[in-house]
Structure formats: structure tokens, C-alpha cells
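Sending over a structure as C-alpha cells; questions will come in a sec.
Order of writing sets the labels: A, B, C and D. Residues in every chain begin at 1.
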Amino acid sequence: MAGRNFLFVPGPTNVPDRVLRAMVVPQEDHRSPKFPELALACIQGLKRIFKTETGTPILFPSSGTGCWEAALTNTLNPGDTVLASTFGQFSFLWADMCRRLGFDTQVLDLEWGEGAVPERYHAALEADREHRIKAVLVCQNETATGVSSDVAAIRRVLDSLGHPALLFVDAVSALASIDFRMDEWKVDVCVSGSQKGLMLPAGLGVTCVSPKALDAARTAKSPRCYFDYNDMVKNNATGYFPYTPSIPMLYGLREAIAMLEEEGLEQVFHRHAYLAGGVRAAVFEGWKLRLCARDPRWYSDTVSAIMVPEGFDAAKVIARAYSRYNTSLGAGLSKVAGKVFRIGHLGDSNEVMMLAAVAAAEVAMLDCGIPVTPGSGTAAAGSYYRAHSPTREGA
Amino acid sequence: MAGRNFLFVPGPTNVPDRVLRAMVVPQEDHRSPKFPELALACIQGLKRIFKTETGTPILFPSSGTGCWEAALTNTLNPGDTVLASTFGQFSFLWADMCRRLGFDTQVLDLEWGEGAVPERYHAALEADREHRIKAVLVCQNETATGVSSDVAAIRRVLDSLGHPALLFVDAVSALASIDFRMDEWKVDVCVSGSQKGLMLPAGLGVTCVSPKALDAARTAKSPRCYFDYNDMVKNNATGYFPYTPSIPMLYGLREAIAMLEEEGLEQVFHRHAYLAGGVRAAVFEGWKLRLCARDPRWYSDTVSAIMVPEGFDAAKVIARAYSRYNTSLGAGLSKVAGKVFRIGHLGDSNEVMMLAAVAAAEVAMLDCGIPVTPGSGTAAAGSYYRAHSPTREGA
Amino acid sequence: MAGRNFLFVPGPTNVPDRVLRAMVVPQEDHRSPKFPELALACIQGLKRIFKTETGTPILFPSSGTGCWEAALTNTLNPGDTVLASTFGQFSFLWADMCRRLGFDTQVLDLEWGEGAVPERYHAALEADREHRIKAVLVCQNETATGVSSDVAAIRRVLDSLGHPALLFVDAVSALASIDFRMDEWKVDVCVSGSQKGLMLPAGLGVTCVSPKALDAARTAKSPRCYFDYNDMVKNNATGYFPYTPSIPMLYGLREAIAMLEEEGLEQVFHRHAYLAGGVRAAVFEGWKLRLCARDPRWYSDTVSAIMVPEGFDAAKVIARAYSRYNTSLGAGLSKVAGKVFRIGHLGDSNEVMMLAAVAAAEVAMLDCGIPVTPGSGTAAAGSYYRAHSPTREGA
Amino acid sequence: MAGRNFLFVPGPTNVPDRVLRAMVVPQEDHRSPKFPELALACIQGLKRIFKTETGTPILFPSSGTGCWEAALTNTLNPGDTVLASTFGQFSFLWADMCRRLGFDTQVLDLEWGEGAVPERYHAALEADREHRIKAVLVCQNETATGVSSDVAAIRRVLDSLGHPALLFVDAVSALASIDFRMDEWKVDVCVSGSQKGLMLPAGLGVTCVSPKALDAARTAKSPRCYFDYNDMVKNNATGYFPYTPSIPMLYGLREAIAMLEEEGLEQVFHRHAYLAGGVRAAVFEGWKLRLCARDPRWYSDTVSAIMVPEGFDAAKVIARAYSRYNTSLGAGLSKVAGKVFRIGHLGDSNEVMMLAAVAAAEVAMLDCGIPVTPGSGTAAAGSYYRAHSPTREGA
């Protein structure tokens, strides 16, 4: 097909040319005296991205899924109890992993379209008088439903109850796009990946571990080797890795961090909110449709899951957008398959990319018989962008 | 600025990733026994692009401007008379070059917005009883005004009068986008460049020369050396060049030709007409604006020069699109500066790119106070694309 | 430093320009209808590389270390007994992983410089009358010492004893460089990685699993999730992955497989033996030094670990080669640290690269006071190449 | 063929990965407000490379040949007299161009292997009492024979005679490799190209013009348009070009200049002398052969033309190096065809690349029956590098 594919799945996201270029490197000796300069630049930079001074970023050659597993096996003993909530495919999969790895998994089964309801966490943790729950899992941004949760609120629940459980956060589709604060929220393990807000191809599991979690890792008895924090921390201390890292991914990561910091992290968050605002304007004011996210408090600034009207199949919209308009929209997964299509608005994006996404989704919907008003989406999104500042106030 | 720049200037056009990739090559010896395979693939492929069996494609390390000069100095003697028409910045510059190089230059001064009017050529050539006019220049696609001319009609004029002048065609923004037929139209020199329909960076002058023009080149007395056809033809015969060629550009050209042929040249032309149709629908039906091209017979399928309403400055629209929306529109040049902005729809383009161009131009116009109806452009363009086939009938 | 770094570590190896180019791709939707074409091309191609019809290649976003772990946790139950041999850093680490993951690990502790002695395996397996040993581990090519082992011989040991244990082979630095035959040798899990003979950056764990191992995976009780074969096999069946794969690595892998098959696998093996022969000629005939590998039967065709004379520090040679001559030699690891430097001759290599390695090592050794005869290494290697055919006989 | 091609032709030279990377860019609007930043960075940087404050660098989309022509047509009137010397293929071609363009061309016909003998220039200029010679041409580095000339000496000749002729220097294979001083030597036009010391692909003619030459350009009557200095200077003043420039080449040039300046120009010159020294040691001390350059005063630090013994065909050595050893050596051109092969040691080179060149040439010569001592070349070159400092004294 002619022209560029428009990629609006919420990951892998569009890799900026600058990052792509940084990755076109010859291979090099990962044990050379020069190598630590690169490795340490990545690790130090990630500390700023995670907003942590006490936490330890760790990079696994893996997907984010691997970091989910690492969080569990490094800090817990076999049979330990964890508390998770499920309200979308990815929060479900993480909870399911807990079960598969043999942990006693308490699940708060929430509606898809809601987020991590603090009250439900409060009830479960309050009931846990004996502190059998060793870890509390929160998905900051549920990519499947376009729902963001309030991690700070969960931290407040733990604090208010004096509950000592570790706090694990899945920030895969939040980090470097939506504000995340490792230290302020006292997160013990934050799990993320390279292919979202970090604007890289998939392949690097990016995680950050608190001193408390590292302490747990020293004694935890769950079997693990590849994902062992201790090996990583020991090798990383001098700027090396326990096994061969991907040279291009490290160069790419260093460049991506530089881009984020040149723009400024707070401005990056503002941009994501601003771009998301235009997409939501198209959905609500233009197309008169609904999001999967049920309430503005849950609206995600990185991905919007848009519900097609009853009687229509969202999968057909996605197929049409792809085959006729060279545009990749995100599919509805599991419970919302066929009900939603998703527009990812995270990573390296701008207004015209969003207008293109809206315009493409619109013609695809029309082709599928969905009665939206032609031009209404771009009109609403365009008006939103014209009325709002692309930069932070005062900036 | 975040996200991808949207490039809608009518050259350089967007280089497809596949071509970009083909150009990431180590340098190599341009005198090696293996080199001719690459060079000859380019030259043979260009014959098919020019639709010629008798013509000889020549590649100069130059811009298209260099090929303008080569056409003149290789075939004409000092002081020879040429006939040109001017109806835009590029047709003007070519005629101006004739004057600067000392040729006796007869100019048909046409309105900007019209093309090469065959009747005017007829009158001038009919008056030239003594056949003092040695070359007739036609700009097939005037990039500055978005005007296409009928080259075949000019050939018919020459034939009907039995006039022996050479026919030179500027197909810089036409080749590989709008139908061009070297042999059928008996064109003597076709001038083009790499950075338009050939989807490459600038840097290669791409020209094609008829046997009649090569004959002229054997005896023409205009001084030239760098652009000498004879040197090129002699060296190219065995697959080499008289001076060091750009290795990446040759690999890129070979790949671009492969892409054009995989899609099919006729389908490439269809696609350009189809994409242009959507842009024109946005202009006329959506925005209720006018093109610089005055009549449908002149509408260009590779670039649209859109007139802003009286009292507005098109340069401000372009500046706004660039600075706020990361979108590059083409400027109005010379006589139409401030009056038009241009959307290039040539090269590696598709529907959503056009919708993005329209959406970006629309918000930029609105920001400049131009009273177009929000969403009207994408509505009209989208409807056009939905109603028309992206592929040729029967295909 | 000016000029190109010469990379002779035995991994990551030099990525050919063609593969590097294939990896310069935009990201794409890994759930698109087009995606399986790419994924299945990789998987089908790997079957030919592994020489298997019944085996199932699996790609993990991981290093080869991850595939070591996957082999163990997918097929064994907690506490199961495995038999391993250690004769270098990597065979040691794999055995150590068995212990760390809680398996009862019988280790054949061999000399560094020897390989997997079949007689030692025979003795251990013969003694295992009750067939408590569930898996037998063999390192086909010990990268740390430059030692190759005879996997077929270990298979014969198992067969002769009628022992039902699974056979696991580490072919990380052997696959696509030294002959490996999954089906013929009845290997149950072969473990490899992207950054050696497959000529890619690190980041893909490349493994192949026999039907017998997949059967074991259906019931094995060792906890695992990320590295679960069943998830992979189920998703791969339709050309998808259970989590986001690296798009560039898949394109790179497809291209690397194409290159290997265009050259021909048997010719690839021949080339490795031929290039290794030149390096060994430099070591023995030129420099009058010794390899770590104690006997020709153990000589590796992918890496040579060269012993410096008593009283010299190999680490200084490596440091000098790097800092003064922009050349990366492989370090001696663990027991052989300071005693050897390594020249990797696997992957995308040719004669002049080997001559450069030899020349660089020679000046670095001379700078460190090691009394080799100037020019003797390149003289011997050059003579070897001149006297031997770069292609297979009859080819 | 497996492995990397070793490229030792004296242009195009090896493009450093860093420059190659800088060229992987999307196209952009060459009339944007941001564009001049790039263009002016290149132009300003080149002033430092040319060592000029008063000169004006000009970039033509062309090869260096185009800049030869531009020097002549911009500053001379038809029929003007020029003085040139020929002592190799490139100095010959430039003089030949003068004739072809209709200038009265006085040629000092020197031996191939010598350079621009100042005494011969003195005699010719002294005889020109009427100052009919308007321009004096000197080839600073004759790429075909590996001969460097003393430009300062020619300037002294002109000064001593008070001769007002313009001084034109071909520094194609000298600039950014061998010291060149535009202002100090009062050069009027320096001609160079992108594909040599500037470490880029071919395609950019890089020239620098003195105020005196620009004055001449204002009134010179030779017809020219594409190569007109005035158009360029006028457009460049604001950071634009009269016709579409190659975006990738400009980004590449900016990066190449940055690399040269990070290393330091004087250190770049030192490195070239140092690397050349090793190659010459191989030729003289190792192989006992001769250079085409007849005297040390003519030895070029960018390319060595090595004479094969009587009775042998250098073309066969080159063919063998290419077909068997994947190594590109430079051919003998014209008068020295078959008599010499050339090793380019300019641009992005280092010691081990030179050792590789020497090793490859040696096995190729041996294969052709030339009786050099195996290993003698690398022994001599290696000893040279070991005995000399890669950095300037005091550095």
C-alpha cells in the first residue's frame, strides 16, 4: 500500500526518527571499558523518568510481561498472598499470572470501564488484619479499556491502614506519558516496557525497584534466575549486565530519554492530556459516541477505547481502517472485543496525527454503516486543539 | 516538536521507508566489476518509467535545474532560438535560463493559472516559416500553480506544421505521478529530478534524451563539460559514470523503481488522480475556495495551489501550519506569493495523509481568520475517497 | 576514535549491513492481519536452520539465558534431577542455574579446555539405573574456552543405555555457524540467541523444542509464566505472540535467515571452518602459541581462546587492542581470566576480517612485550587462506 | 560474499556510522523557517575546514567535476588563457575541461609521479609579461598517482612575479585530510567534493571562493546558469538554496564537520600522515616495491599508488583482491593502468584498516605470482604504527 501506515495502536508506538536513527549502530563489546558510560546513562536517566532517587531501575531483555513476573518472583515466597484488581485485559493477565505462579491471589473483580477503586482496596486490606497480603497490584493505565487509576489513592489506603504490603504498579502504558511518581507514592515495583511512552520498539522490560523490594529480593524464596534482581543490581553497579544486552535498544533508550527531557517531563504529560482532549472531543462532541471509560475520572490520556453503537462490530471498523485506509487502530480485547476500537495517543504524537486518526476512524465507521456525521470528528478535535494551549500554562 | 512532521510541499516528497532503508548502504567502488549491475538496473528501469524504447535515460549528480541546462547546451548552438511559455515560477525560470545562456528566447507569456495553450504554440511556430526555432519548451506540470499541460497537444502542433524543432519537456513534478510518454509524444528531452514522483531525496537530475537530441549533441557547439551527454552515454554504455556517482541514491532509485512497478505505473497515475480528487473536493465543496488553476483541464494531480480569500495572507497560513501544527505546506512563489498555499499530493501518499493535510490546512486557516466551516474539508475529502475506487476500474 | 571498530568478541557479532537495513522499520501493529506473514516466515525459516521437521522453534524476547531457564522450567518438575557438565564459564552458568532453580544437579566437572566427554556422560547415566535423571545438558560450543563438543556422541550414549532423559543442548555460539541437527540427534531443547551466528543484535532468545519436550511442558509443574512454551505455541500457531514482539528483530531475523540460505547452510559451516583454520594457523604456526582447547577434537570453528605465554596478562593485550587499535577481542572469563584472549570468528566474517584480527592481536601482544614474530600471524593465516578453498569442494 | 567489503579506493571513502546515521532523515521543506539553521551550520563549518575567513563556501549538487567547471565559467571570459599542469588522470581531466570549454589552455606536461613543479610554473608565468594568463590551476593531490603538490609554493611564484592571475586549487582528495589554507595561500577557488576527506557519499560539490573570484564572477561573460556563483551566494546569504538541496547530504555534512572538529583538524592531518606512513613502510620495507610518486616530497598522505614489478599486471591484483578477498583497491588509470594499484588512506580510517589493506593486497599479489615475502607488509606497517604516535606531539 502506498504512503505511510498510520499507527494508532497503543503500543508499539511510533518510534521517532531521532530514536530510530540512534539505533542504527554497529554492535559493540558489552564488556568494553567504554560500555558502562552508555548503560549508566540509561539507568540514571530512567531514575528521573521514574521520579525516584531511592529506586533502582532495572532493564530486562523482555517484554513488560517479564517485569510483571520479576516483581512477583523476586519479592515473594511461594504461596504468598497478593491483592489485585481486574478491570481490563492487562490487569486480568497480571492477576492471572499470580495464580499461575502459585500465589494466593485475591482479586477485586471490577467493571471493565472502571479503574482501581480505592474503596475496594480499602475494604480488602482492612479485612486483612494479619497482613497476609504481601503485595498489592495496581494497573495505573489499563490499555485495553483506556482507563487510568489513581495510584496515589491506593498508597493513601495502605498508609491509612498501616498495611505493610508492597505496592506494585503496572505503568506500562503510563510511564513517560502520564505522571508517575515512584518515590512520592512509595511504589515498590513499577513495571513498564520500552514500546509505549519510551518510544522504542518492544524488547526491553523497564522496571524500577524500591529499597524495600530489593530487601525482599535478598531473601525471597521463589525460584527465578533470568529475572533475578540481585544479579542485575550487582552487575549494573559497574555499568554491565549479567547477559548480553541489546546494543541498539540501549542507544535508543538513551536518545528517547534525552528527547523526553528536552521537552520536559511535565510538558510531555501536558501534551498527552492535550492530545487526548482532542480525541475525546471528537468522540463526544463530534461523533456522539461513548468511551469504554465510564467516568471522566477514569479517562486515560494515553489511549481511548471508543464504543461503537449497539448492533455494529468494532472489529469491522478496525479491519476497514487497516485494509482500505492503511491505518492501524487498536482492537477490543476479550470482554470488549467487537465493542470498542482504540486510538492510542501516547508517545511521539502531535495534533495532526490525532486529526488523521480521527479522520481515518470516521471514514472507516461510515464505511461500516455507523451513522456519524462526516467531518464532525475532525471539526471537534480541531476546535479543541485551537482552543487549548499545546504547552503548559506559564510555559 | 513532538510527532512526525507532515510534509506536503510538492518536493522534496516523502521518501518511503523502503527507499530510505535501501539507501543505508556502505560506500562501494564505482569502478568495480559488480557496479554496472546496479547502474544498468537504474537506467533500464527508467526507460520503462519514461515509457521509451528509443530514448536514453541519463542521471546527473545535480538538481532538475541542471537537466534544464543540459537539454539546452547539449543540443543547441550559441544564439539558437528557442520557444518557451511561462505561466508559473518554474516555467519562468527555465525560459529565463535560456536567456541567461545566450539563446534567442521567444516567450509565450501566459496567465498564471493557465497551462501551455496549444493555440499559442501553434501561432508562434506557424509564424516561424524559416524554422529558426530549434527547440520548443513545455512545462508539463507547473509546480508553482498546480497546473498540468497537455504535452501531446504540443506535439500535435509541431507535427501538424511539420516543424522540426526539438521538443523539451519539464516533467519534474509529473514523472512517475502523471502519465508521461517519451516515445508516443516524440519528446526529445524530458527533464526530471529525484525528489518528486521518484520518491528520493534531491540530488539526482533524471533526464531522458531521444536519438534526435543525441544526434544534435554530437555536433552542438554550446560549451559544456560537466553536463555533456556524450561523456555520459559513452560511460553508461558499460554501466559506469564519468565521475563518482552517489551510491546511496542509485540504490534508492533502484528500489523506488521497483516500488513503482510493483504498484504498476498506470495504478500510480490513478492513485495520484484519486488522491488529488479528494483534495480538490475539500477545496471546492468543503471550504468553498478556489484553485490557482483556472479550469479543470489545467488541474494538476500532483499539487494543488489553493487561493486564500481576498484580504488574507497565505504566507501566514503556511507559517501557522508549520509552527503550530508541524505541517509543511508549499509556499506561493513570485506572482502568487501570499495568494496561495500549496498541498503536494505526489509521491508516496495515501488517503489519510491527504485527510491530515486538509485537516491541518483547515485549522491553520481558521487560526488566521479565514472563514471556512470546521470539518468541511475532511468531510468533503473523506466522502470523495469513500465514493471513489483507490484502484483502477477492472483492477 | 577514527575509523571502524573491529569487533571480534564472540557475540554480539557483526550485524551485516543488509540485516541492519532490514531492521530500520517503522513499528507496526503486531495484531494486524498482515503480521503473521512475518512471524511465520521467521518460525518456518528457523526450522530449516535447526534442521528439524518435528521441532517447534520459539522466540522469546530475552537473551539466550532466558531460553536456558525456559528449557528447565517448562519440562521439569520441582526437584527433578539433571545431569550437566562444566568446562567453561557458560556451561558452568547453566549448571548453576539448575541449582538456583532448585533442581537436583549432577555436575560432571571437566577441565577447561576439554569438552563434553562422552565417556563421563556414559558413566553417570549408566549409574542412573532408576532413571532419576530427567534431563541431560550439553554445551555444544563453550564460548569461554573455544571448545566444541560432539552432541551426536552424547545422543549415542543415551540411546545405547536406553536412557529416557531429555537432551538439552546449548547451541548459543554454534547455531548457524557449526552444524547442528535437531532431528537427527534427537535433541529435545536447543537453546540459542540472536547475537551470534544469526548475525542480529542481542534480544531474541531462539530456542527449538521437540514434541517430547512439548509433551513434558503440558504437565510440568515448575512455576513459570513469561517463558511458558504452551502460551507461545498456542499463539504462534496463528502467527501471533502472547506479548508484544520486537518488530525490528523479526524483520532482521527474516533477512538473516535469507542470507544464510542464499549462502547455503553447509557453505556457512564450511566458511566458519575455513576462517577458523586461518586463525589457528596464525596461533600455532605464526605465533607459536597455544589454544585453550587442548586437542584438535575440541577446536571450535566459531571462537578461538588464545593463551598468552606464562608471565603475561591477556587482559592487558585486550585493553591495548581496544584503546590503541580500536579492536575488540574477547576477554578471558573466570578461571581463564588473564590467561586467554579470544577471537570470535563467527557470523558475518571473511578472510580480511580475520587477517585484521590477527594483525591487531599481534601488535597488541608486541606492545605488551609478548615475543611473537612481527608479521608471523598474518603470514600464516594468509598462507592458510591462499591454500584452502573458501567454498566447499565440488561447490 | 560474506563479511564486510573492505573499501580502500581513494573515494568514495568509508562513511562513518555516525555520518550514515545522521543521513537517515525524513525529507523536509527546504524553504521552512528552520532550514537555514542547517544550511548555515554547514557553510560556517566549511569556512573553518577551508581555513578561511574571507572566502565563501558554496555547495553544488554535483560531483567535484562540477566545481571544476564552476571555477572556470564563473570567473573567466570566453577565450581567456589559463595555465595548468598535468601529471595524472585528474590534473589531465581538469586541463582538458579548460580546452573543451573553449579556454586557451597552456599546459605544463609533467611526469606522472611528479607534482606541480614550482619552477615550471615560474617559467611559464614569467614569460607571460602581458598577464594574459587569467587563472592558474594546481592539483593539490593527484589521486591517480598519489602525489601531493606544494600549493604555497605556487602562490609564492605568483607573488614573486606580481602576477595577478587567479589561483585555482583542486583539493578534492586533500581537503580535510591534508592541510589546506585558503586564506594564507590566497587561493581564489578551491574545488572539492563530499566523498573524500569529508567522509560523505558523492553528490555534493564543495567549493570555496575568494572575494577576488566573486568579483570576477560579477562580470565574467562565460555562459553558465546552474553553476552560477551569484545565484548561490545570494540565496545562501539567508540560508537557502536556488534549487532543492539534498536534505540527507546536508545533515551528513554537518555531522562530518562536527566529527572533524571534535578530533581537531590538525590531528586529522596528523592521523592521515601517520596512517600513510604505515602503508609506505609496508611498500618499501616490507614488500620492497616502489610508489608511483617518485620522491618523498611528492608522497601523498591520502592515497598511495603502488607499482607492481615489471611483468606483472596490477589490474589482476585488483581483480583478485575484489573477487576473492572482498577488498576494493583503487585501479591504475590511463597512463598507469596495469602498472599500479592504489590504497586510499583518507577519510575515516585507522591502523587496523590499514593493516587489513596491506594484508589483503599482499595475499592478492602472492596469488598473482608477485614475489613479496608473506607477512612482510603487515610486519613493516605494524612496526611503523607501534613506533609512532597516533596523536600529535604534545597532544
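Things to note:
Convention: contacts are C-beta pairs under 8 Å (C-beta built on N, C-alpha and C of every residue); 3 or more make two chains touch, one makes a residue touch a chain.
Just so we're clear, the structure is a prediction, and the values are computed from it rather than from any experiment.
The chains in contact with chain C and with chain D alike are A, B. Chain centres were defined as the mean of their Cα atoms; on that basis the chain farthest from chain A turns out to be D. Annotation: 35 Å between the Cα-based centres of chain B and chain D.
If you average the Cα atoms of chain B and of chain C, the two centres end up 53 Å apart. For this pair, chain A with chain B, the centres built from the Cα atoms lie 45 Å apart.
Within chain D, residues 4, 14, 17, 20, 24, 26 each touch two or more of the remaining chains. Across the complex, chain D is touched by residues 4-5, 7, 9, 11-15, 20, 23-24, 26-33, 60-66, 68-69, 73, 78, 97, 100-102, 193, 195, 201-203, 222-228, 242-249, 319, 322-323, 328, 330-331 of chain B.
Put simply, chain C touches chain B in their complex at residues 17, 20-22, 24-26. Those residues of chain D lying in contact with chain C across their complex are 1-4, 6, 14, 16-17, 24, 263, 271, 286, 324-327, 348-353, 355-356, 359-360, 362-363, 366-367, 374-380, 382-383, 385-386, 390.
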